[in-house]
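One structure is given below, encoded as structure tokens.
Note that the chains are named A, B, C, D, E and F in the order they appear, and that numbering of residues resets to 1 at the start of each chain.
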Amino acid sequence: MGFPELATMTTVEATTAVAAAPLVVLPVGAQEQHGPGMAMCTDTVRAEGVASRVVEGLAGRAVLAPALPYGVSPHHVAFAGTMSLTAATFQTMINELIDSLYDAGWRKILIITGHGGNAPALSVVAQDQLQLHPELWLAWSPITALAKPEIAQLDVTSVHGHSGQAETAQMQFLAPELVRDAELQPGTTEVSQLTGRARLSRSTLGPKLAVGFDSYHQGVLGDPRQVTAEDGKLIIDAVVDKITRFAQEMIMGD
Amino acid sequence: MGFPELATMTTVEATTAVAAAPLVVLPVGAQEQHGPGMAMCTDTVRAEGVASRVVEGLAGRAVLAPALPYGVSPHHVAFAGTMSLTAATFQTMINELIDSLYDAGWRKILIITGHGGNAPALSVVAQDQLQLHPELWLAWSPITALAKPEIAQLDVTSVHGHSGQAETAQMQFLAPELVRDAELQPGTTEVSQLTGRARLSRSTLGPKLAVGFDSYHQGVLGDPRQVTAEDGKLIIDAVVDKITRFAQEMIMGD
Amino acid sequence: MGFPELATMTTVEATTAVAAAPLVVLPVGAQEQHGPGMAMCTDTVRAEGVASRVVEGLAGRAVLAPALPYGVSPHHVAFAGTMSLTAATFQTMINELIDSLYDAGWRKILIITGHGGNAPALSVVAQDQLQLHPELWLAWSPITALAKPEIAQLDVTSVHGHSGQAETAQMQFLAPELVRDAELQPGTTEVSQLTGRARLSRSTLGPKLAVGFDSYHQGVLGDPRQVTAEDGKLIIDAVVDKITRFAQEMIMGD
Amino acid sequence: MGFPELATMTTVEATTAVAAAPLVVLPVGAQEQHGPGMAMCTDTVRAEGVASRVVEGLAGRAVLAPALPYGVSPHHVAFAGTMSLTAATFQTMINELIDSLYDAGWRKILIITGHGGNAPALSVVAQDQLQLHPELWLAWSPITALAKPEIAQLDVTSVHGHSGQAETAQMQFLAPELVRDAELQPGTTEVSQLTGRARLSRSTLGPKLAVGFDSYHQGVLGDPRQVTAEDGKLIIDAVVDKITRFAQEMIMGD
Amino acid sequence: MGFPELATMTTVEATTAVAAAPLVVLPVGAQEQHGPGMAMCTDTVRAEGVASRVVEGLAGRAVLAPALPYGVSPHHVAFAGTMSLTAATFQTMINELIDSLYDAGWRKILIITGHGGNAPALSVVAQDQLQLHPELWLAWSPITALAKPEIAQLDVTSVHGHSGQAETAQMQFLAPELVRDAELQPGTTEVSQLTGRARLSRSTLGPKLAVGFDSYHQGVLGDPRQVTAEDGKLIIDAVVDKITRFAQEMIMGD
Amino acid sequence: MGFPELATMTTVEATTAVAAAPLVVLPVGAQEQHGPGMAMCTDTVRAEGVASRVVEGLAGRAVLAPALPYGVSPHHVAFAGTMSLTAATFQTMINELIDSLYDAGWRKILIITGHGGNAPALSVVAQDQLQLHPELWLAWSPITALAKPEIAQLDVTSVHGHSGQAETAQMQFLAPELVRDAELQPGTTEVSQLTGRARLSRSTLGPKLAVGFDSYHQGVLGDPRQVTAEDGKLIIDAVVDKITRFAQEMIMGD
């Protein structure tokens, strides 16, 4: 690979990297259901895909840490093959990995999550680190949420999200071999298809109400069938561009 | 008081309430700095103010639980008088309070937070409850974020937020005795006043970067001086209306 | 109110208070059943009532922290409306709140509990703090136990305690609107009314045996019907006097 | 030994004991300083001494569990040789040991502590067990506190307690070889010898203030020099009698 | 890929796999220094290499879970690029991943660790699972320890181990691109090169004494220079054969 | 007793011992079934027996800490009288006891376990201490595993282990009064007596598979009937000799 990775480095090289590459980028994903047509590693693949492109674009000023393939997925445990950590464990784990990087001398860390379910725990980690290591710059980023303009250009259904148009497009671009085109099926595409708690969870009034994804048709939000690798490239390029610009400011800041 | 409160009820009355009032509303606040001109209980006051109005509007179909006056405020600990819980402790505490309500028979709980720093922990609680009590409807809501249209009508500075226009307006309406008008001062009002990490934390690119609020002028975002009780009433009314409508759907749902 | 409260102070005022008011008084209560005639916030009301009088008597040399309305009430969870924290969570929470006060510069803290069930956890916190912050003066105090002479003057039943004469008298004085006079009923008033485990739990031999309060008639120990606000004033005045004198020694000590 | 001990039993014998001996007695002690003249295992020796006599007196209706030689001693860690557990760890440990006894079929457990510092944690365990195993009769007992009348007959100094008259007398009776008579020295015997925080910690006003025992002369409260084995026998006999009578009621109760 | 992987499966396929493939194989590695000549992902690569061959050999009767790239490496944290979890966190994490698999219906799990430092935590997980899920067959296996006869055939130095002959040979076979041949250097090869604590840690008397790997030359035990991919193939084939035979018995057992 | 024990020392003597006796030896055992013929304290007795002999042989250069009579025994909980701690609790407890010794000035600690089930947790403690107290020499040792040559001389059955020949011989030597000769019975002595999971757990292929000891005949591995006190003396002498030599090197090292 053409960019620095902690996994494939030796420790001697890492010693050099602490000075040369002040930023560590850590991708975190999930092992969780993505409907009948997409692989369960989807979130990890996207986190790694974005993170490696960001690191590549930083031209030696950042290093990539190994992707964590497990995340916080309690809303998907009704689906076989989902493997979920509690948020508390995830938080502790990330805090400890940060400790190691900190002790080695790094002071800037950027976590990229391919899975929205990791976001609360990452926000908590950010709060914890404010007290544990106030001088550490700890940033974290989602992926899909950074591409709202690009996704708006796709002809998305009124309900879309998990395993829907935007996520499937990314996979068609990053790892088409992990998409079973013939198995792709629309999930819940309109609020009117929902009732009760699931319907209320899609309310735009403001309060948040969590539901298990077995409340949605096939565990999918949106229709993954029509999007293309080109769509995915637009999304990934936009996200990589934004995160890279952010990372450059992190690297230059003091 | 004109609405049912668990604090002032007897247990005999609570036994009746389990059947009559299927929803419990729990306000959570914070003890944290709010600049030189506003009391440190601001978030608790606003949480209670909104929650009691919501419960009142539900006409006996909901009960109010005692407001929790401490929250997750690691970003404010540099300011004297802030008292902060870790997110992990806050999560455990809320999960245990939910257990008690659940054991008594309630299946619908709505937490209203006056403090944004509690949001990650509340999201984690929602994830935990999906596994602990899948049939429990656990919703939570912020306050200010539900009043974007109303706040847009105020002539807000480009940077505004903690202890700024929207929050001060709410306090001018709910508890003007807790606002020291003469001490109100503008905090950071434009990104150009910031440098380094604090500036990057305001970036709109997408990644999130936490900073201590001692990075901002006076620990304040925005200019709290011009807003009025009328402004605050507009915000509170809008928020109460949205949450009440959401709560009504919770109560009716099954 | 005429005394300094952290809740209603600004952080600027708190900075001043660290020097002027070396003692922080923290009231802790409970949300728990108090029989058919008294509100569930009874312990919180009494803790706040005593704590605010103590702070008032210290004439600017102490500040009041926000009252915690939840405590350790596993012996009352069979009664609807009780909301209980585990002792472990309560301990952690109090330790963290102490951390915040300590970091702000306070070295003397006095916790006043209106609920006996919080006592073991507070004793543990005192042990923890001996190792965490050896130089911190951490004191804690019950309420009713400090008024034994005054309670002896009431014509109490041989069994009395939770929601009985002493506690009801305090509420008749502090918050008569939270006492439903017409609903007050005697609970268990003599050991002879008890059998088995509950009877043994009242033994005076020495060992302690905990029982759920559903073992007692109405969850009440004693007869709450005859006591008056004057009785309550005697108790509260005596308790406030003792704690205030203790607090004065804390403030002057070094 | 003339009484049933889980330590020296086989598991086959324990299976029989579950039915024949419905009560388990668990002694807990401490490894902590006891002044210049007494062994650091003093609390464990006394706990075992009392517990084994209680079990013996119950004539086959109770079994003795192995004594735990470590307790919660943060107030003694300034003295070499003290080994202390946190209260949280002690609580968890006792809860787990109870689980094992419960799973084997026992429903009545009596813990006897030779160390006052274990009392808060044991009270917490009692609270925890009310929720974990409501039908378990979990009692715990101190030792010296049960012999107030007998200790009053000794000519005790106005301050007496840890390693003082009552405790030394018990050791002169139970294990005189662990008392170095020539090294016994008076510790703090009057409040007037104390200043500041230590003096306040002896206040009788009511609030509790913990101090490290290095605040007291030699870490000792009272004068251990004049008491005899006969004094100790009086104390131990009285304590054993009270606990045995309590234990008999536990055994007979249902 | 020619064998079933949970990562690349859809959840629909996983539902089928629960019945068809009763065994889940979970590789766990480490991100830790491997001397100047080998990549820090070495243990993860070897765990995945062995696990995927085992799953392949089981012909559809087992599935592969995503490899965990972080392990328990406190003895390597002095080397930049090592990222270590505490054993407690690792234990909790594995227990939670097992929970997910168990809830989906799997009753047989085999964990393969490429890192010896994970062994104590995995042994603890095995103990935990005996109580949590007694009917679960949870096995775990090291790699190199299963190839003693094959390693004996290599001309190993008297001290060999971490990053030495056996491990380097495996990497020359599995991932030669991750070995920097020119950078390979001998580490500690004889006990006589060591002094003090490090020397004692190599004692064969029996007691175990842990040391940081910075006590060894280059953090390496043995001489990694002469071994070949053929040596590595002998080791890997032997290990895969043993684990596969064990796994077959797991699959057939009931 | 003819050797220094922390339990029977005074704190004054312990202060001297920190300098004179740089090593602390801590025995840890278990309360767990040992078949129909041996006492449940067997592991504690053997740990104390070995540890006291080691300390005695070190002639004043080491001190003995109180033996812990409870260990990690989840594989024995199906047998009445077993009392088991989780590994996590055991780890925390040992880490805290080490903290006390460390704070008193000791830098060398040797833990001797009579129970194999404590080994994983002790290995984890050793890992924890590498990060908590890198300069602490923390060693731990099993007992029986150090006497392989001596055990080979006994005419052992092909399966032997828990409560079998080696362990019974040790008890015949150390505490014959705790062996019920008439009740000793052979347990599982050959793999052919086992089926399914229990049989696979005895596999020599390499992977480890834990089973509850209720899978073995009488919870015993081997035939405890023929061994003698002389056999036990051979084993104990060999183990004590090895550990003592190791301990001497610890004491002299720096």
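Operating definition for what follows: a contact is a pair of C-beta atoms (placed from the backbone, for glycine too) under 8 Å apart; a residue touches a chain by one contact, two chains touch by 3 or more.
Which chain is which protein? Per UniProt: A, B, C, D, E, F = Creatinine amidohydrolase.
Every value quoted in this text rests on a predicted model; they were computed, and no experiment measured them.
Colleague: Taking mean CA positions as centres, which chain lies farthest from chain A?
Modeller: D
Colleague: What's the distance between the Cα centroids of chain B and chain E, rounded to whole Å?
Modeller: 48
Colleague: Taking each chain's centre as its mean C-alpha position, how far apart are chain A and chain D in Å?
Modeller: 55
Colleague: What residues in chain A touch two or more of the other chains?
Modeller: Chain A, residues with two or more chain partners: 77, 86.
Colleague: With chains as vertices joined when they touch, what's the shape: line, ring, star, complete or other?
Modeller: Per interface graph, the chains form a ring.
Colleague: Can you name the chains in ring order, beginning at chain E and moving first to chain F?
Modeller: Counting round from chain E, the next being chain F, yields E, F, D, C, B, A.
Colleague: Give the list of chain E residues in touch with chain A in this complex.
Modeller: Listed in rising order, the residues of chain E that touch chain A are 6-15, 17-18, 31, 33-41, 44, 65-70, 77, 79-86, 89, 92-93, 96-97, 100-101, 103-105, 178, 180, 183, 219.
Colleague: Could you please specify the touching residues of chain B with respect to chain A in the complex?
Modeller: Chain B residues touching chain A: 72, 74-75, 77, 86-88, 91, 110, 117, 119-121, 123-124, 126-131, 134, 137-142, 145-146, 196-197, 200, 203, 205-212, 239, 242-243, 245-247, 249-250, 253-254.
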